[in-house]
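Below are two complexes that have chain A in common, paired first with chain B and then with chain C.
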Partner chain A sequence: MSTLALLLTQTVNALSQSALLFFLGVGLTLIFGLMRIVNFAHGALYMLGAFVGYSLTHWTGNYWLALAGAPVVVGLFGAAFELTILRRLYRRDAHAFLMVTFGLALVVGEAVRLTWGPDALQVPAPPALAGVVFMLDEPFPVYRLFLVATGVVVAIAIWQFLERARLGLLIRATSQNADMANALGVDVKLIRSCVFGIGCGLAALGGVLAAPLVTASNGMAGTVIIDAFVIVIIGGMGSFLGSLIGALLIGFVQVFGNYYAPDFSLAFMYLVMLAVLVMRPGGLLGKEA
Partner chain B sequence: MSGQFRPSRRAMLKVGLAGAATVASPAILRLTAEAQTGPIKIGMPVALTGPLGTVGQQTKRGAEFWAKLQNAKGGILGRPIELLIEDTAGNPANCVRKAQEMVERRDCRLITGITLSSEALAVVPKLGEWDSIFISGINGDGRLTADSFVPNFFRANISGPMGTRAVSLYLRKSNMTKFYGLGLDYAWGHNSIGVFEDEVKRGKKEFVGKIFAPTGTKDYSPYITKIRQSGADAVFLVMQGDDNNAFLSQAQQYRLPEKVKLLTEIVDLASIRAVGDASLGLIGSSRYSFTYDQPLNNEFVAAWKKEYGNPPDTFEGEQWQCMKVLEAGIVKAGGVEAAKLRPALEDLEVESVKGKVFMRKCDHQGVQQGFMVEVKKKAGFDTPVPEVISTFPGDQTTPPCNAMTYKD
Partner chain C sequence: MSRSTRVKTTTGMAALVVALVVLVLAPLGLPPFAMTLLTEAVILGLFAMSLDLMFGYTRLVSFGHAAAYGLGAYACGWMLLNTGMPLLFAVFAAALLTGAVGIGVGWMCTLATGVSFSMLTLAFAQLLYAISFKWTSVTGGSDGLAGIPRTVGPFGFAALSSKAGFYYLALACLVGGFLVCRALVRSPFGAVLRGIRENEAKTTALGYNTRLYKIAVVAIAYGLGGLAGALYAPFAGFANTELLFWLLSGQVLIMVIVGGAGTLIGPVLGAAFFMLMEHQLSAWTEAWALYFGLIFIAFVLFAPQGIWGLATGLAGGRLRSAEQRH
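What follows is the complex of A and B.
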C-alpha cells in the first residue's frame, strides 16, 4: 500500500468515525447549551438506538426504515422523560440532574438487557452499502463513505435548522436567556422537551449507524460516553460548531493514533483535551473562553 | 477469723469468663455448625457489564444452571448451593474488592467465574490470606498456573497457551508460512500472542508482527490496514466479546479474509451469532462447543436447550465444566474448607462435557484435549456453527508444569 493510499483511506475513515462521534457530541452539547444538563444517559440512549434499529430492521426487513425510525422512537422517549421527570427538577441544583440522568442510564441499560438479552446482535449494513470501492487500488467499505455523507448532511441540516427555522431561533433565544424568552411568550417548557428529544434522537442516530460496524451490544454505552464528553469539553459546552470541531479532532487522533502509535492512542485523545483546556478553559468555542 | 467466703479478683474473673463462655457457646457452636452444614457459598465477582459483559453473563448462566440442577437434587453433601454474584465491570480493583467482601463479610471461601485474566491475576495473591480456593472457569492467562501460581488456585478450563498450542500444532501441517498477531491489550492478549509468536518461530515459520487493541475499541480499520500491509498469510486473533464482534464485522467489510486467513484462539458461539457470515471460514481452537460429540455433552446440551431454548455458548460450557470439577472436589473433600478441598482437587479426574479432565497436582491445570474448529454453514442452523476439524490429546496441548511455553 502506498503512503498516499494509506493517507487517503485513513483520512476518509477518520471522517466516518468523526461523523459517528459528532452525532453523539452534538446531541449532548445541544442539551447542555439549552438546559444546562449534563446528560449521563447519552451513551445508554445511543445503545438504545442501536437495539431499536435492530428490531426495526428485523420487523420491517428494511435498514432504511430502522435508520429513520430508531431516532424518532428514542427521541420521543427522551422528550417523554423530560416531560415527566426532568421538568420537576429545574428548580434544583445540577446534582439532581446528574443523579437522575445517571439513574436513567442504569435503567435503560438494564431494560435493554432484559428486552434484547445479554448477547450482541447483528445489524447488517443494507445490501446497497455492503460493498467496497477501490481508492488507489485499496478496498474501502462503501458503508463508511455513507457515514461521511450522513455526517455532512446532518451537520448542515442542524446548522440550517438552528440558523433559519423558527424552532431553531426559539432554541437559540431560550439558550441565551430562558427568562427573557419566556417573558416574550416563548413556551420554554416545550422548547426544552423538544431539545432533549432531538438530542436523544441524535444519539440514537449515532447508535443505529454504528451498529453495522460494532454490532448492537450492551457494552456500547460505556465505550462512547467518555468520547462524547471529551468532544463536548474540547469544543466548548453548548457550542454546535465546537462539537463538530471536537468530533473531527478526536476522530483523526483516534484513527491516526491507532495506526502510528497504538500504545499511546488513548493518551493522545486526553492530551488533546488537556492542551485545549490549558489554552482555552471553556473549550475551543465555549462561552466561558 | 471470719468464716466469710471472699473470692479473689482472679477467681471472680475465671468464673466470669466461664459464665460468658457457657452463655456464648451455643452461638459459637451454631456458627461452626452453620459453616459446616449451612449453604455452600460460591462467590462470583463477574464482569456483567462493560465490553466483556457478554462473556461474564455466560459464566453466570453456566454456574446458575449447575446450581439449579444441584439444588433440585438436594445440593452437595446435603447442603444447598448459594451463588453470590456481583458485577465487577471488568475492573481488577473492583474484582478484588468484591471478592474480599464475599470472603470477609459473607464468609464465602470459594471463588469462581472471574471474567478477565487481569482480574484473576489481581485476586490470586490474596487467596492465602483469605484461606479461600479460586477455581477458574474461563481465565486464559498462562501465568496463573506458571509465574503467578499460588496453591489455592485451580484452573478447570483450557488456558490461553493451550488454545494457542492447538492452533500451532494444527498450523504445522498447513502451508501457511507468515503470521501476524492481534490481541486485546491486557494480560490474556499479551500472554497468548507471546506464546503464539514463540510457537511460530519454533515451527520454523515467520512471525511478521503484532499489535494490541485496547478493550472497547470501536474502529478496527487502522489495525486491519496494518494486518493487510504485513504481507502475512494469516492473522492470529486473541479477542473476545464486543471487540471480537467489531473486528470480525469490520474485517469482512474491508474484505480482509479474502487476502489473510483469520485464525483465533477462541471460537466463541456468541460472536458467531453476533456477526453471522462474517465469521465464516474462521479457524481456531475451541474452549467448548455444543457440537462436541461426547456423551456427557449431548446430555448437557439437551438439558440446557430444555431450560433456555437454545444450545449453550462457549463460556457457559466452560463454566459448567468448572462447576462439575468443583462439585467432584467438594464431594471428595467432604467439605469446602481450603485445607480439605485443595488436596481433594489435586490429581482429581472428572469425566466432563469435553471428555476427561485431570487436575494435575504440580500446577493445578486441568489437562484436557484440545479442539480445532472451523466455522461453517450447516443445515438446520440459522447462523454458522463451529465444526471440529482436529483434536489433540491433553498431553500435547498442556504445557510443562508451571510453564507457558513448550519444549518441542
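What follows is the complex of A and C.
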C-alpha cells in the first residue's frame, strides 16, 4: 500500500470516526449549554439507539426506517425523563444532575441487557451501502463514506437550525440568559424538554449509525461516554463549533494513534485533553471555567 | 453550644461508640462470608470517606477518585509480589505514594474549576486506566496482578494476615482515618475548606491561597483513598484494571451522596449500604443494577441529605419535639 493511499484511507477512517463522535458530543454540548447539565446517561442512550435500531431493522426489514425511527423513540424517552425527573432539580446543585443521570445510565444499561440479552447483535448495513469502493486502488467500505457524508449533513443542519430556525433562536436565547428569555415570554420549560430530547435523539442517531460498524453491544455505552466528555471538554462546554472541532481532533488522534502507536493510543486522547485544559481551562472555544 | 446540640453531639458520640464496639466484636459472631463482606465494606467506607474531604467539605467534585484506589492497590500489590515487603509496610508505603501522586494531580486539576475540574480528574484516572492496560511488565495488563500475598512481617504481625486479623487492620485504618479527617475538618484548615465550598472568591479575598488548600486536600484525599486501595489488594488477593475504571469513581460518588456528603460518617454508611444493596439485590434478582439505579435516583430526588442526614434529622426532630413538650 502506498503511503498516499494509506494516508487517504486513514483520513477517511478518522473522518467517519469523527462523525460518530460528533453526534454524541453535539447533543451533550447542546444540553450542557442550555441547562448546565452534564448528562451521564448519554452513552447509555447511544447504546439504546443502537438496540432500538436493531429491533426496528428486524421488524420493518428496512435500515432506513430504523435510522429515522430510533432517534425519535430515544428522543421522546429523553424528553419524558426531563419532564418527569430533571424538571424537579433545576433549583438544586449542579451535581444533582450528574447523580440522577448516572442513575439513569445504570437503569438504561440494565434494561437494555434484560430486553435484548447480553450478546452483541449484528445490524446489517443496507445493501446500497454494503460494498466497497476503490480509492487509489485500495478497497474502502462505502459505509464509512456514508458516515462522513451524514456527519457533514447533520453538522450543517444543526448549524443552520441554530442560526435560522425560530426554535434555534429561542434555544440560543435561553442558553444565554434563561431568566431574561422567560421574562420575554419564551416557554423555557418547553425549550428544556425539547433540547434534552434532541440531544438524546442525536446520541441515538450516533448509536444506530455505529451499529453496522461495531455491532450493538452492552459494552458500547461505557467507552463512548468518556469519549463524548473528552470531546465536549476539549471544545468547550456548550459550544457547537467546539464539539465539531473536538470530535475531529479526537477522531484523528484515535485512528492515527491506533495505527502508528497502538500501545499508547488509549493514553493519547487523555493527554490531548490534559494539554488543552492546562492551556485553556474552559476548553478551546469555551468561556473561562 | 445550645442544650439541644450538646445533647445531639453526646447521643451522636454514644451511637458511634456503640457502633465501634459492635464492629470490634463482629468477628466473634459472624460467619466467614459475612466477615468478607464486612471487611470489604470497611475498606470501601474508608475510600468513600476520603472522597468526602474533597466533595463534601470543599465541593471539589472528583470524577476520578478510582485513580487513588487503583493506584494504592497496584502499588501495594506490586510491592507485596516483588519486594517481599511485609504487609503493614507495603500498605502504608502505597498510601504515601498515592498521596504524593495526589499532590501532582491536585496541582494539575486545580488549574480548572467546576465541571472542568471534574473532567480533569476523570481524564487523569482514565490515563492511569490506559497505562494499567499497557504497562504489562508492572501491572500485568488486562489480567492484573494476581496471587498477592499477605506477607508476614518480622515484628510478630502474623495475626494481621488471618481473616479476623486483616479485618481489624482495615477497621483500625478506618477509625484512624476518621479521627484524622475529623481533626482536619474541625481545624482552621477545615474552616478554610468550608470557605472554599461556600464561596471561593470570598475566601481568596480574605487572603487565603485557596489553590494551595485545594491541592493539599486532594493530596490528603488521595493518600486516604490510596490506603483503602492498598488494603483492598491483599484483601482480595488481586488488583485489576477495574479498580481504576470510571465506573468505580461514579460508584464511590454515589456512596458519598447516598450516605450524606460532608459528614464523614455518612459516606461510610453509604458504602455499607451500597455493599448491602449489591449483595441483597444480586441474590434476589439478576437485574440489581436496574433497581439500584432507581433507588439512587429516588435518593437524589427525595433525600438529598443522604442516610446520615435522614437519621440525624429524625433524631434532631425528636429532640426538638421533646423540647417543645417540656
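Just so we're on the same page, the second predicted complex is superposed on the first by the 288 of 289 C-alpha atoms of A that agree within 3 Å, B and C clash if a C-alpha of one lies under 4 Å from a C-alpha of the other, contacts with A are read in each partner's own complex, and residues count from 1 in each chain.
Assume a residue touches a chain if its C-beta (ideal position, glycine included) is under 8 Å from a C-beta of that chain, and two chains touch if they have at least 3 such contacts.
Just so you know, these numbers come straight off a predicted model, no measurement behind them.
Undergrad: Let's test your reading of the overlay: on chain A, do chain B and chain C clash or fit side by side?
TA: clash
Undergrad: Could you tell me if A:L6 is touching chain B, chain C, both of them or neither one (first, second, both, neither)?
TA: first
Undergrad: Touch check for A:P281: first (chain B), second (chain C), both, or neither?
TA: second
Undergrad: Report for A:Y259: first if it touches chain B alone, second if chain C alone, otherwise both or neither.
TA: first
Undergrad: Can A:V132 be said to touch chain B (first), chain C (second), both, or neither?
TA: In the superposition, A:V132 contacts chain B only.
Undergrad: Where does A:G222 make contact in the superposed view: on chain B (first), on chain C (second), on both, or on neither?
TA: Both partners.
Undergrad: Would you sort A:G109 into first (chain B), second (chain C), both or neither based on which partner it touches?
TA: Both chain B and chain C are touched by A:G109.
Undergrad: Where along chain B is the clash with chain C: 43-51, 115-123, 205-213 or 385-393?
TA: 115-123
Undergrad: Identify the residues of chain A that lie in both the chain B contact region and the chain C contact region.
TA: In the superposed arrangement, which is not itself an observed complex, chain A uses residues 109, 222, 263, 266 for both chain B and chain C.
Undergrad: Residue numbers of chain C touching chain A in their complex, please.
TA: 61, 108, 111-116, 118-120, 122-124, 126-127, 129-131, 133-134, 246-247, 250, 253-254, 257, 287, 289-290, 292-294, 296-297, 300-301, 304
Undergrad: Along chain A, where are the residues that touch chain C in the complex?
TA: 32, 38, 40, 85, 88-89, 92, 94-96, 98-100, 102-107, 109-111, 113-114, 222, 226, 229-230, 233, 237, 263-264, 266-267, 270-271, 273-274, 277-278, 281-283, 289
Undergrad: Using the touch rule from the top, collect the residues of chain B that touch chain A in their complex.
TA: Contacts found on chain B: 49-54, 57-58, 89, 185, 211-214, 216-219, 221-223, 225-226, 228-229, 241-242, 245-246, 249-250, 253-255, 270-271, 273-276, 313.
Undergrad: Give the list of chain A residues in touch with chain B in this complex.
TA: On the chain A side, the touching residues are 1, 6, 9-10, 13, 17, 20, 109, 118-122, 124-125, 130, 132, 139-141, 143-144, 210, 212-215, 217-220, 222-224, 254-256, 258-259, 262-263, 265-266.
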